[in-house]
Amino acid sequence: MNQIPISGLFLGGLTSYAAAGLFGLSAHRYRRATRIVFCAFTCLGALLEGIASLAALLNASATLISIPSGIPFLQYTFRLDPVSSYFNLAFAVVSLAVSVYSLGYLDGFDVRKPLGIFCFFYSLLLVSLTAVFTANNAFLFLIAWEVMAVSAYFLVCFDHERDENKSAGNLFFVMSHVGTGALMAGFLLLGTWAGSLDFSAFHLAGAALTPIRQGSLFLLFFFGFGVKAGMIPVHIWLPAAHPAAPGNVSALMSAILIKTGIYGIIRISFDFLGLPPLWCGLLVLAAGTASAILGVLYALIEPDLKRMLAYSTIENAGIILMALGGSMVFRSYGRPALAAVALVACLFHIFNHAVFKSLLFLSAGAVVHATGSRNLERMGGLIRPMPLTALCFLVGAIAISGLPPLNGFVSEWLTYQALLGGFGSTLSLTRIVFPVAGSLLALTGALAAACFVRAFGIGFLALPRSPQAGHAHEAHPAMLAGMGMLALLCIGLGLGATVCLPILDPLTNQLLGVGMSGNLVVHGGLALSPGSPTGGTVAPAGIAGALILLALVPWALCAIWWRRGRKIPGPAWDCGLPGLTEYNEFTATAFSKPLRMIFAALYQPRREIQTEFEVSAYYPTSVRFESEVAPAFETHFYSPLVERIMARASRFRTIQAGGIHAYLAYIFITLVVLLVFGVRS
Amino acid sequence: MILLWLLLIPFAAGPLAFFLRRRPLMEAVNLAAFAVVACLAAALGIRVLQSGPVSLWDGFLYADALSALIVLLTAFVALVCSIYAVGYFRHDEQYTFFNENKEVVAEIAVFKLRKYYSLAPLFVFSMLLVALANNLGILWVAIEASTLVSVFLVTFYGRKTSLEAAWKYAIIGGVGLSMALFGTILTYYAAHRIEGTETLAGLNWSVLVQNAARLDKTTMRLAFILILLGYGTKAGIAPMHTWKPDAYSEAPVPVAAMLAAGVLNCALYGLIRFYILTAKCLGPQFGSQLLIVFGLLSMGVAVPFILVQKSFRRLLAYSSIDHAGIMVLALGFGGPLGALGLFLHMTFHSITKPLLFFCAGNIQQQMKTDLFRKAKGGLIHSMPWSGAGILLGTLAVTGSPPFSLFQSEFTILRAAFGRGYLPAILSVSFLVAIFSGFLVHISNLVLGPDPGLPSGESCKWKKSSVIGLATVIVVLGFWIPAPLFSLIRSAADIVVIGR
Amino acid sequence: MYFIYDPQFGNTMITLMAALVLVLQIATVGQRGLITTIRMFALQSFFLASIACTIAFFNQAGHLYIAALLTLVLKAMVLPYLLERTVDRVGIRKEIEPLINVPLSLLISGCLTLVGYVVAESFYHPEETSARSALGHNTLAVAISLFLIGFFIMLNRRKALTQVLGLLSMENGLFLAAISLTYGMPLVVELGVFFDVIVAVMVLGILAYRIGETFDSMDVGKLRSLRG
Amino acid sequence: MTETLAKSGFQLLLLLLVAPLVSGVIRTLKARLQTRRGPDILQPYRDLVKLLRKGMVIPDTASWIFPAAPYVVFVTAALVGLMTPMTATDAPLSLFGGVLAVVYLLALGRFFLALSGLDTGSSFGGLGSSREMTISAIAEPAMMLAIFAVALGANSTNLSEMARSAVSQSWRFLAPSQMLAFAALFIVVIAETGRIPVDNPATHLELTMIHEAMILEYSGPYLALIEWGASIKQLVLMTLLVNTFFPFGLSSGWSVSELGAGLFFYLLKLLLLSCCIVLVETTNAKMRLFRVPELLAVAFILGALALISTFLF
């Protein structure tokens, strides 16, 4: 592998991302040509990045790339160590698919929209994401981090004519900046203590610190990165911002941008801090569990398809954090092998989520483009006009629900195994945490399945619920190609998990000092096991094969007994009304109604029914039904907080009430105080 | 000689413009003068870099790297402001902004233009004198002169509110400068027991700094307090900042930009010169503690006003208070990093703020208001350049990378964390809060649905100054010219080493 | 006339006049009539000029005579004249009630004098018992008090012109400090300062006049339209 | 390879044959307990054959999901059956996945069934899907806790491994953790198989039905597949209960004599468990839908207690 010029490929990738943006700016005049050149360059960049990262990952050693910059104290230093390369690989894969998709997606852009600006910020996002994953010093990292936020902000605000998008962008940027503030403080503290801002100087720098310093650093970083990771309770920007962005961008944001937060947490807790205190791992586990369960609960009741996917992103970030927290706890207990299982679960789920969430967002983008609405209640029946998009969405839905034999199942299975192992290998009360987390993960998984049954069932099946949905058309071939790549990857990563997982070996080696693939892949590469073959195995490919073979049985049964040709199409049962219309259909709101009632304490649903009638209440002339669910964190924490701050600020403004005498008095008092207290030492 | 020309050209340009009377001529005189001054400033910078401090008339005028940097920034700001002013005042004249009664009175217009075009060079002259005067007394005189000139410029529109603003500016500035003068007198007193300081040179900074260790300590404490409050008033450090929002929002935009990017630097320059003396005399502890407290106070005071703000011109003023606080904080944190951060910040701020003011001015002229409420939103549709410019400027001024203010703020924060955790954490949180308020206000102003206004960017002068500045800001984000950086570094060395 | 050359006499005279200057300043705090206030300022400036002359005489500091002359002409004559003319033209003679009532104001002035002495105390170096440092010590206290009380007048009074007068008396404090501590600043600086003071007063006078014209009142406390 | 195939074939045959039988036994026993005559034990076989022979009506609103779902339901149930030890401790396909795979494969079947309910566009289908997904979701945590409790005892999630460990510690089923876990899992099985008091498989009352509402539009062979699949699923869940908690008579090998004995004990245990189910079904009335969470909360608590008692006792 040494003959592959990793640094050249890496820089080539970055350059072609950047070139894409600069070419994109010319979209003003040459819309069509720009689109093609732009997508070609981003694809090229993604390919180069992907190859470079894969090579670096297989190399299992760090590649350092350094370019001088025109700014004092700054060197553009990138390091492709296994962790960075892994994240960059996931990113490259997603960005390749999204770039292919964009070729078609941008074709359907409103001509009045400044395509050039879009291309520019899109490629800026690509460049900055790459830089975030590979930056090797804190200064560069923070610059890349903020550039990422800036470009994401403009992409979220791209459709700023709608007020909600604008405020979504603002919310995103403000939250992100609050996080960045914490990160900046964290990095500078760490830099002060470590004596340098280089990531290589940070390596295990935390090990020498007192537990209090370690803990406070961890909290700063955890908060800062948690905001980006979409962790509850600092997630509120995510369900606002991801739907507001154009389809391809929201795919990128949900699949990759939130992973930068996870990347940061991994970097911090395994690389920089040495061995953080036990409570850090438990905190991550708890935050992950809360995010997973609350995320999916909010996803369940969301009528907006893209918002629903955004909430599901929170859920998956939670699952990733659960595995990560488990790994940290095991590490604290000195169980590297178990920690490695949890870490592998976490890392694999990161990749998987990147793949299926981008797939789902891309399909959602195609659907929104075709129907002009994000509301599930306005879709329906899309499987007929857009069969391939529907198929892609279905694959994504199965994968994200963690159903075998696709990739989501494998990573969730590993997570369960790690949590199960945690019970036996930790002490006292800590051990009860794991089964509880496991059972909540089970609830999350089941609710996620319900959620995606609802999304696919209401959105794609049965009758169209609006004229636009009825007149929908299949997506552009390029869009289908992009989605198809990801769908195949979902299947491939699931069935070929035993082949893929050994790639994670360098990562566990780097972070924990143990390689896992020997224990993880058993029975000649057929099955996976959590460290010991007796502890349970799973063979996704075997399951898939068995499912296909077993399908012969019902086929044979039908072939034996059933006389062919007796399939009569007929109307579905319409309760005796004249014909089934979209009004008879079960709605998305109704679908989640039982859960809304069961979890009423969380949702605090409010509903209002107004019936107008003339003769008697049994013969209403019109019924107006309104139902609303209050997002708990927004209504109970953030809104009062912002109101409080604003009220305080307003009150504070009375110091500048216009009277010059007051102004003079401020100076006077300051002067007198300083004279009295300052002169005498 | 270069020093003399630097002062003479703007000094002569004022009266010349006054007598020329005709608008194109006045514009030409201003532009030419400031262009020459900018070239001279650049030349001075190079000369100082190559061959050390330059002085004239027995060290009456003296330029080391610190002065050269201030001169360069002032000249740059003056040049861009004069370019912008052409378009700005032409627009004012065209739409009869000069007279509230909407009576088109040509004489009033000419009178007002004469006022601006003759006072602006004098304003610049006084600012250049601040940087070039070696004598601390002359420095004071020059700052006072700049105040007086700018008071007239603040009353430019003659509205009730501009009178009010001018009064507050003049009175508070006057009080502040009295304190500064007191401090200067005390410094002279602290030094005058030392041999060879009884003459005029006794107030020369270059002389004082060599004898700084022998200055009377108690006197220097008192002097520094008074200087801090005095020049702090001029720089707009809380709680002496109260004139700033009024003056910045009432002055014509080019003047406001010069106040924010020129006078601020000059006032800080005075403070820095005294700080060097104090630090050498009393050790860094005393001065920096005070500076940190006042810096944090300024940043903190700016927060609520930026969060809840009705007018975008005042928003910029509070941002200027915030930045004055940051720079004072940087001076207080001290050390090589702090000083370097200070001058980087000063440089970048002086380039970024005018852009914001120009865009705000364009918007104000187009919308005939500076209130967010009345300007509504969606300005990007009718004014794509100014809208994009103010958005870019907002990101830059709030310290978002890749723009260069992030680099300086990062450097300053590095110094901060090296020194103590509480001020550092506080300043980070203030920065975040200010960013939030600023961004939400400006994005609501710029983005949004198209209100269907006619395009408002026909003037080449206004547009070119906005685009030019924006380009400079973007370029500086990625590349700082080596000579500029070494000038900044030598200026920082002066603060650290004292020479 | 021998005693005239006795430095002791000079010191006493200076201290006396400084005390008078201080008393005049405190009296200004309690004063309501505009014209009276201006005249008291003129008188104060006159005493200052005398102090400057005395110091110049006893210490052979020739350039202080120039400063004394300038003070006499400008601060004791020209400025009061200009200000009185402004008062006449605006036609408002009475100060309205100050923000803090007179007895309390006087009390605060007393406290400020105390602050002045406390600050000046720290400058007192017992080991240097030369006449000059003692003089410096006493007059510095007065100067600081003048400065602070002038400041207090500015924030206590509502009229634009009284604020200008407060500012001017602050400058008087500075002048006192300058002449008594250091026998004045270098001449160039001194001239510059004077020039600035004159221009400042003219600027403020013009502003005050325009405020009076525009708002039909000289009450700067009413200028409150710029806020927030 | 061939050995595994043979074992799988045998167990598959067993699954296909025993599953309707269990349904029939339960139905008959229930009728007897209610002093009715009830149908013959073999009635389910007849039903299935009859359905397989009949023609079917496909709703014209339905897409390809509708015909696919019965296959998925049937196949997943069958695969799950092959992962579960029935007569012998080592299940033929136990390598392919343990108890977690079982749970998730069943979820896959349910996923498609719920989609098919929505696919027809009729309101009943949606209603059924919604309720089915809800109940399965809230049953999940309890089930996972109970499984955890058992898996911790066996130190494995592999079902064969769990059975083997249960065999080796013959009296372990009396341990409090095991009893509690059994109780929790019993409740979950009742919920999962759609029995009283959670669902009533015998009615088509539109307000209460869950499972039946989803499959309302199915007819003919597709309905047969679904019914058959459902009964296999029920059998597998019952097998899971009896074989992990009461592993008596599980044969350790696959020789004919061992298998015979294993089969005998297996059927005996199934009969006993069926009796339990019948008892529960007869003595309880169907719950309101929104009371079901309370029942499942009880299961959850039992599971949690089971876990806690694993390290208490």
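Letters A, B, C and D name the chains as they come in the text, with residue numbers starting at 1 for each one.
In the analysis below, a contact is a pair of C-beta atoms (placed from the backbone, for glycine too) under 8 Å apart; a residue touches a chain by one contact, two chains touch by 3 or more.
Here the structure is a predicted model, which is why all the values come from computation and not from measurement.
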Computed over C-alpha atoms, the centroid farthest from that of chain D is that of chain C
Central chain, going by Cα centroids? A
Counting in whole Å, what is the centre-to-centre distance of chain B and chain D, each centre being its mean C-alpha position? 78
Averaging only over C-alpha atoms, locate the centres of chain C and chain D and give their separation in whole Å. 100
Centre to centre, by mean C-alpha position, how many angstrom separate chain A and chain B? 44
Could you give the separation in Å between the centres of chain B and chain C, each centre being the mean of its C-alpha atoms? 31
Got the chain C residues that touch at least 2 other chains? 119, 122, 151, 154, 163, 220, 223, 225-226, 228
Two or more other chains are touched by the chain D residues none
Spell out, as numbers or ranges, the residues of chain B touching 2 or more other chains. 167-168, 171, 175, 218, 222, 245, 305, 308
Please list each pair of chains that are touching. A-B, A-C, A-D, B-C
Enumerate the contact residues on chain D facing chain A in the complex. 12, 16, 49, 52-65, 70-71, 74-76, 78-79, 82, 93-101, 103-105, 107-108, 110-111, 114-115, 117-127, 129-131, 133-134, 136-145, 148-149, 151-152, 155-158, 161, 216-217, 220-221, 224-225, 289-290, 293, 300, 303-304, 307-308, 311
Residue ranges of chain B touching chain A (in the complex, touch as defined): 167-168, 171-172, 175-176, 179, 218, 221-222, 225-226, 229, 233, 239-240, 242-243, 245, 286, 290, 301, 303-305, 307-308, 340, 344, 378, 380, 395, 400-402, 404, 406-407, 410-411, 413-414, 416-418, 421, 424-425, 428-429, 431-432, 435-436, 439-440, 443-444, 447-450, 477-480, 485
List of chain C residues in touch with chain A within their complex: 99, 112, 115, 118-119, 122, 144, 148, 151-152, 154-156, 158, 163, 220-221, 223-228
Applying the document's contact rule, which stretches of chain B touch chain C when the two form their complex? 135, 137-138, 140-141, 144-145, 148, 151-152, 155, 160-161, 163-168, 170-171, 174-175, 178, 181-182, 184-186, 188-189, 192, 199-200, 202-203, 218-219, 222, 245-246, 249-250, 305, 308-311, 314
Touching residues on chain C, where the partner in the complex is chain B: 119, 122-123, 136, 147, 151, 154, 160, 163, 167, 170-171, 173-174, 177-178, 181-182, 185-189, 192-193, 195-196, 199-200, 203-204, 207-208, 210-211, 214-215, 220, 223, 225-226, 228
